[in-house]
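After this come two complexes, each holding subunit A, first together with subunit B and then together with subunit C.
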Partner chain A sequence: MPLQAFFNSFGYFAQAAGVTVAVSLAGIAIGFVIGVAVCIARVSGGRWLGGLGAVYVSVFRGVPLLVQLLFIYYFLAELGLDVPALVAAVGGLALASAAYQAEILRGALNAVPRGQGEAAIAIGFSPLDTWRRILLPQALRISVPPLINEFILLLKASSLVSVVGIAELTRVSMNVASSIYRPLEAYVGGGLFYLVINLGLAALGNLAERRLAAGSGP
Partner chain B sequence: MLRSGLAGAATAGILLDGRRDALADDTLAEVKKRGELVIATEMQFAPFDISDNGTYKGLDRDLIDAVGKVLGVKVKYLDLPWTSILPGLEAKKFDLCVAPVTITKERMKRYLFTVPIADATAALLKRAKDASIKKPEDIAGKTVGGQKGTAQLAQLKAFAAKLPKPVEVKEYVDNNQSYADLAAGRIDASVNSFPNLAYAAAQRSDTFAVVTPPFGQPTYFSWVGRMGDKTLIDAINAAIIKTESDGTMEKIQKQWLGQTMSLPKTVPEPTI
Partner chain C sequence: MSFDVLWRYAPSLISGFGVTILCWSAGSALGLVLGAAIALGRRAPLSPLQWLLRAYVELIRGTPFLMQLFLLYAAGPSIGLRLSATAAGVIGLGMYSSAYFAEIFRAGFAAVPKGQIDAAVSIGMTPLDILWRVTLPGALVAVVPPIVNTLIVLSKETVVLSIITVPELMYQMQTMAAETFTAFDAIFAMAVFYWLLVEVVSRLGRRLERSVTAFIRHSAGPA
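And then the complex of A and B:
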C-alpha cells in the first residue's frame, strides 16, 4: 500500500496544513493593509512619501524571503530585540507580501481610465469620495486575479517559515519522510494538502470576482 | 557530520561575538532559575532525532530528558532546520544544540562540545540486493552519495582517494535525499555515521543493508553549546557521565542503536 504512510500521518499533516493556512492568511491580511498604505504613498504621497514607498517595494521585493526571515528572527535578536518565532514568521510574510500587493494595487489603479477621476471631480465629488466610490472599487475589481495569484504564491512561500522553527506543511512532510525513509509518499501527501488549500483559495477568488463584477455594467 | 549549512546566516553571530564573550553571563544559573532547559535540534536525523507524528523521539530525546532530570529542570524542545541551529545558538534563542555534531578540530575553535553521546564513525549503506559490494573497498569505480559538508563525507573522500579506481562522489543537501537516490538506483552507496545507517537499514531492511565494518577513523558525536557557557556544559557533562554509570545510557543505546557501546568520558582529541 504505497500511501499507507500518508494515512498513518494524516493528523500530523492536517495539523501542519492548519499552521500553513493560519500563518499565510495572517501574512496576507496584514500584508494587504501595509500594501494599501504603500500603494497610496506611491500614487499620491508626493516626493518624500512616494520615494519611501518605492524604497519599501525595492527592499522587500528584492531581498529573498528566506533572508528576511533569518534577519528578523536571528539578527534582531543580536541587537537585543527577541522576536518570537510566530511573530517573525507572520511579520516576514506580511512585509514581503505587502511589497507585491502594493504594486498589484498600483497597477490596477493605473488601469482605471484617467477620465473616471476627472469626471467625478467635474460633477462635484470630493477627492475622498472620488477615491472611495469611483477609483478604488474599479481598481479592486481589476486587481482580484493578480491578488489571488499573489495569495497562492505566498501560501507556497510560507514553507520558508520553518527556518524560524514553525512546523508547517513542507517541514512536516520532510519530518515524515526522514522518519519512515519513504520520501515519495511523504511529499505526495504534503503536495496534496497544498493543492486542496490552493484550490480553495482560487474558488474564493472566483467568488470575489463574480461579486465585484455585479456592479460593473456593460 | 558537519552540517555546515547557511554559514552566511551565522555571520551576524561572528561579527558580534566579541561583545557577547565580554558579557558572557551564566546560562546555567539562568536555566536553573527558569526551571527549563531549552534545546534545539533538527528532528530529521533518526535514530537520534525523530518527529513521530509530531512527538519528539530518539536517542537525543531520551538522553537530554535524563540530563534534565539530573539537573532538576524541565526540557523544552525546538525543531529547527540545521541551517538555523548554529545561528540560533549564537543568537541565544536556546541554550544547547542537541543535534549530534561530529567533533572536529575546526569546530572546537568555535563551539564548546559536550562529552561524546554516540559513535560517529563513517560507514556505507548499499541496496540490500546489491551483491557487488561486500566490503567498503568494493565502492572503487562506483558512485557514492552523502550529505554536503559532513565529516563523514570528508572521510569518504579521503578513503576513496586510496582506492585503485576513482569513486564518483555525489553531494546532497541532506542524507535523506542520498538514501532516496540509493533506493532509486542513481547511486551505489550512501555514506553516513554507522548508527544512522544501522537504523535506516533496520527500518527498510527490504531496501537497504549496511556495509560492515565502518571504514572511517573512530569519531564521536557530541552536543554543542556556546563558547562562553562553560559552567552549563560542565554540568551537562557531569549529567551525561552519571547516566553512563547508573545504566540509563545503556538502556537508551539498546533501544535506539540495538547495541551498547562505551564512550569516552572526556571530549576526545579530534582525529579529523
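And then the complex of A and C:
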C-alpha cells in the first residue's frame, strides 16, 4: 500500500515543513535587515561604501549557495567556533538573500518618480521626512511582490541546508526514503509539501499585487 | 593550502570542470528545446494539453531542484528508470530549466505587439515571412536577456549535482578536501573560482544581449 507509507510519516513531514518555513522566514527576515543596509550603502554611501555594497552583491549573487553554506560551515570551524549547524544554515540563507533583497529594494527606489522627492523638498520636508513619508512608503509598496517572489525562491533554496544536517523537508524526505525503502513515495510526499507551501505563497503574492495596485490608482 | 595539493589533484579537478561544463551546456540545451516545445504547445488550442503543460511548469517551479534530482536519481529505479548520476544530472537540469525557459518563451511571444502582425498581414506577407521577419525577431529581443540570466543561474545550479555524486568540479573538490584534510582551503578556492566564472559569463552574456538587440538601436532613428 504505497500511500500508507506516506501517511504513516505524515507527522514527520509536517514537522519538517515547519522547520523549512521557519529557517526560510528567519533567513528572509535577517536578510532583509542586511539588504536594507546594503541598499542604503549602494544608493547613498559615496564611493567607498557604495563600492563595498556592489562587491557584496556581486559576491553573494555570484557564488553558488551550496558553496556559501559550506564555506560558512567550515569557516566557523576554522575559527574554532562550535556553533550549531542551524546558525550556519540561517546565516548562509540570510547573507545570500540579502544580496537579492538589496537589489530589489534598489530597483524599487529607482522606480519611485524623481519628482516625488523633489516635490517633498520643495514644500519644505526635511531629508529624513522625505525618506520616511515619501520615498520609503512608495518603494516598499513596489517591492512587496518581488520580495514575496524572493521568499519563494529562498524557500526552495533552503533545501540545500539539508547538506549541513538540518532536519528540514528535504533531509526528512531522504531519511524517510532510506528507512522505509520507498524513495518514490518519500520524495513525492516531500515535493508535495513544497508545492503546497509555494502555491500558497504565490497566491499571497498575487493578492498583495492586486491590493497594492488598487491602492496606487491615479 | 599548498599549491602542490592542487597540482597533485589537477587531473581530477580539470575533469571535474569538464563535467561541470558538459552538464551545464547539455542541460541548458535540453532545457531550451523542451522549453520552446512547451511554449509552442501552450499556444495550441488543445485544452487538455495546455492544462498538462501548465501543471508541469507549476510542478517544476514549485519544488526545489535538489528534490527533483532525488526523485529522478533515487526514486527513478522504483519505476524502472535507471540512470547514471551524470545522466540524471543532465536530464534533471534540462527538465528543471525547461519550465523556466518555457515561461520566458511564452512571455517573448506575447511581447510582440499584435498590431505588428496585423500590419504584416495587411501588406501581404506570407505566414512564414511573418514568423521569420516579424514574430521571431520581436520575440528574440524580449527573450535574450532573461535567457542569459537563466543560463547564469544554471551555471550555479550545477554545483547541486555534486549531492547526487555527479563527478563535477564541486564533487572532485570535496573528494580532494576529504583526502587531504583541506576542507576550508578547498571551499575557499571554489568560492573564488565560481565567483570569477559567473562574472565572466555575465559579462559575455551582456555582450551577447547588446549584439542581439543592436538592430533596435540601428533602426530607432526617424524613418
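In the analysis below, the second predicted complex is superposed on the first by the 201 of 218 C-alpha atoms of A that agree within 3 Å, B and C clash if a C-alpha of one lies under 4 Å from a C-alpha of the other, contacts with A are read in each partner's own complex, and residues count from 1 in each chain.
Rule of thumb we're sticking to: contacts are C-beta pairs under 8 Å (C-beta built on N, C-alpha and C of every residue); 3 or more make two chains touch, one makes a residue touch a chain.
Treat the numbers as computed from the prediction; the structure is a model and nothing was measured.
Visitor: Following the overlay on subunit A, give me a clash-or-fit verdict for subunit B and subunit C.
Guide: In the superposition, subunit B runs into subunit C.
Visitor: Of the partners subunit B and subunit C, which touch A:Leu65 in the superposed model: first, second, both, neither?
Guide: Touch partner of A:Leu65: subunit C, not subunit B.
Visitor: Scan A:Ala77 for contacts with subunit B and subunit C and give back first, second, both or neither.
Guide: both
Visitor: Applying the touch criterion given at the start, work out whether A:Gly165 contacts subunit B, subunit C, both or neither, answering first, second, both or neither.
Guide: First partner only.
Visitor: Quick one: classify A:Asn110 as touching subunit B (first), subunit C (second), both or neither.
Guide: In the superposed model, A:Asn110 contacts neither subunit B nor subunit C.
Visitor: Applying the touch criterion given at the start, work out whether A:Tyr194 contacts subunit B, subunit C, both or neither, answering first, second, both or neither.
Guide: second
Visitor: Is A:Gly11 contacted by the first partner subunit B, the second partner subunit C, both or neither?
Guide: In the superposition, A:Gly11 touches subunit B alone.
Visitor: On the superposed three-chain arrangement, identify whether subunit B or subunit C touches more subunit A residues.
Guide: The larger set of subunit A residues in touch belongs to C.
Visitor: Between subunit B and subunit C, whom does A:Ile180 touch in the aligned arrangement: first, second, both, or neither?
Guide: first
Visitor: Clash with subunit B: which of subunit C's stretches 150-158, 168-176 or 204-212?
Guide: 168-176
Visitor: Under the contact definition given at the top, report the residues of subunit A touching subunit B in one complex and subunit C in the other.
Guide: Shared contact residues on subunit A: 70, 74-75, 77-78, 162-163, 174, 177, 182-184.
Visitor: Considering only the defined contacts, which subunit B positions touch subunit A in the complex?
Guide: Its residues touching subunit A are 6, 9, 12-13, 16, 40, 43-46, 50-54, 78-81, 83-84, 87-88, 91-93, 174, 176-177, 179-180, 200, 203-204, 207-208.
Visitor: What residues of subunit A sit close enough to touch subunit C in their complex?
Guide: 58-59, 61-68, 70-71, 74-75, 77-78, 156-160, 162-163, 170, 173-174, 177, 182-184, 186-188, 190-191, 194-195, 198-199, 202
Visitor: Which subunit C residues qualify as touching subunit A in the complex?
Guide: For subunit C paired with subunit A, touching residues are 58-59, 61-68, 70-71, 74-75, 77-79, 156-157, 159-160, 162-163, 170, 183-184, 187-188, 190-191, 194-195, 198-199, 202.
Visitor: Mind pulling up the subunit A residues that touch subunit B in the complex?
Guide: Touching subunit B: residues 8-9, 11-12, 15, 70, 73-75, 77-78, 82, 162-165, 167, 171-172, 174-184 of subunit A.
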